[in-house]
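In structure tokens below, several structures.
Both complexes shown next keep chain A, but they swap its partner, so chain B is in the first and chain C is in the second.
Then we have the complex of A and B:
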């Protein structure tokens, strides 16, 4: 797994209080019971800290899965291998 | 030292200095050995004491709900009267001695132990408590029919120092000054098989006792019993516990302002609660421990209850706003937890509470800063440099 994928996984496990074995990159917002509106704020702050990218409010509120986070960051030049 | 004619004595200057000050007419102030208050602060407060309160009283230092210090003044005669009431209610006729384990400058120890020993002619056994565990141990063993006054935070240390030992000579244990350690009740009874254990509630302004109840296994720790003789309680519309008492303080000084405490007015205890159908007071937290966060009611007592189920050591909470200025709180653990302990605590938060109830951060420190009376030093907690951030909500 690439370094950035590792970082993202660790970040999301920490934000959502998941067990490592619960996490996979195909998880959607509906499948993560701790992904609520405050969780979205935490994702935005965490992404800023780890990847130096600042989501716009529309971008953050539009996220519905882990893959969408990867795709959005990828479109901003952050390489996930 | 004297300020404005009032004698100032500090813990550690000898029991005889308290005895002497008590026997003299002028009001005296009894301070902890070490406290955050400067001589200038002391001077500013005591210079405000009016002539009406210059005699027949004693003053103790306490901290308000924000952690800011204040001095509470009370009549010596009231403390003596309360000591005798407690002697009866706590069924202390057979108690021959009381072993000090908390600072005597703390109202709980001062009235329940020092004043009680004085008016009943019982023996006051000096000790530094758990600061000198070997000496404390020898006193627990040596003195027959003894009484202890403890705070819940001392129980893990007692178990840690003396676990497996049995102290048959202790026949009364009083808890006050924080949540009753119901989860350790079996441990307490194992170590002190002959002790009747009491759950006491009050506040410094009550100097200090409002209710008490003998404790039993399986009791609700927040059921603190019925008001004692001479005390009335009521619950405000905001669920705040208020009291009138025959024994309470009659003056306080803080921020350089003296306020007389009018005997006829209802005073807040700083706690929330309700009176059940039997007339017992059921506490539900401190007035600043229940608040709304993003529209959800947060009870810090409930939070502490959860953490105490998993974490056997010290835990404290301080209030903080998040980046959106919503009220929240920070959890502090001591000593430093390992990763699995943090994951365990966070796992329980995930199971039991929505994110609005989660702490803004979990921090840890080697030693929890404490006030001389054993309570958490909230002001110091916010600012000590050697804390570690174990987890953050990032909000």
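Then we have the complex of A and C:
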């Protein structure tokens, strides 16, 4: 797995308060109880700290899955291999 | 919304001019001597003594008494003029009413809990013990820092926070009635954005500490002792603070000096045991999730390192 994928996985496990074995890259917002409005705020803060990209409120609110986070960051030039 | 728009600041003369057939003063014995000569209204010493026909309650006391009165006012539909006898909580302008239910600290939020009027009696500062002056200042500092740096803070919040920080630095941690207003403004900033991990720890641990007999650990003391550790941890690990102080031309060293002056290593050691024990609850707390910087599971180690 790429370095950025590892970093993202660790970040999302912390943000969503998951156990490592609960996490996979196919998870959707509906499958994560803690992906609520506060979870969305925490994603924005965490992504800025780890990947130096600042989500706009629309971008953060529009995210519906882990894959969409990867796609959006990928479109901003962050390489996920 | 500005503070003046949400809670109007009345003068003592304004309050004295209220029609006395509808108003009552609710206060505690600790400040009754100061309050009694000012107002001609009947005085009661507990919310249960408020007459049913009272339209206006002038509540003079600390955050707990003001919050208790706010909850009662929402049920009985009387107006409140909130007069803090100590600074820190900002209960006199806050839309939050904190209460204890079966040993658990809970809060209700809504504009209905925000007093329409407040007033400042400068002489009340004389009644505040020195240690509580410090804790009240620390509580206000935690509001302005966590509120201004919150991920939910907008540009207005950030700017107001920076202005307030400059004023707080210029006054210092001393017994000065100006703190009544600084405290109200600090509370307004956090109520328009959010608070962070200092408040998450304080709200999680306060009832636990009390159950363990450590009753001197009130909210303001917890915030004061935690300020320096939290500030130093995030100063070291995030550029958010350095960007903020640079943007608003604030002398970071002065903030560090002030927050460090509120720190007590021995008290922090006591607290650290509890932080460690209840860390999993703390990181799940909603306030942790609106902290200025992301708080991660292994950050507990950083709280330990503060002592090194």
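What we mean here is this: the second predicted complex is superposed on the first by the 81 of 81 C-alpha atoms of A that agree within 3 Å, B and C clash if a C-alpha of one lies under 4 Å from a C-alpha of the other, contacts with A are read in each partner's own complex, and residues count from 1 in each chain.
Please note the rule applied: a contact is a pair of C-beta atoms (placed from the backbone, for glycine too) under 8 Å apart; a residue touches a chain by one contact, two chains touch by 3 or more.
Here the structure is a predicted model, which is why all the values come from computation and not from measurement.
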Original post:
Since both structures carry chain A, what do chain B and chain C do when superposed there: clash or fit?
Top reply: clash
**OP:** Answer with first, second, both or neither: which of chain B and chain C does A:46 touch in the superposed model?
**Re:** both
Original post:
So, A:14: does it touch chain B (first), chain C (second), both, or neither?
Top reply: both
Original post:
After lining up the shared chain so the two structures overlap, which partner does A:38 touch, if you call chain B first and chain C second: first, second, both or neither?
Top reply: both
Original post:
With the two structures fitted on A, what stretch of chain B runs into chain C, 44-52, 62-70 or 188-196?
Top reply: 62-70
**OP:** Could you tell me which stretches of chain A are touched by chain B in one complex and by chain C in the other?
**Re:** 14-15, 17, 38-39, 41-42, 45-46, 49
**OP:** Please give the residue numbers of chain A that touch chain B in the complex, ascending.
**Re:** 14-15, 17, 19, 33-34, 36, 38-39, 41-42, 45-46, 49
Original post:
Which residues of chain B touch chain A in their complex?
Top reply: 294, 346-347, 349-350, 354-356, 391, 393-395
Original post:
Taking the complex as given, what residues does chain A use to touch chain C?
Top reply: 11, 14-15, 17, 38-39, 41-42, 44-46, 49
Subject >> Touching residues on chain C, where the partner in the complex is chain A >> reply: 151-152, 238, 283-284, 286, 289-294, 296-297
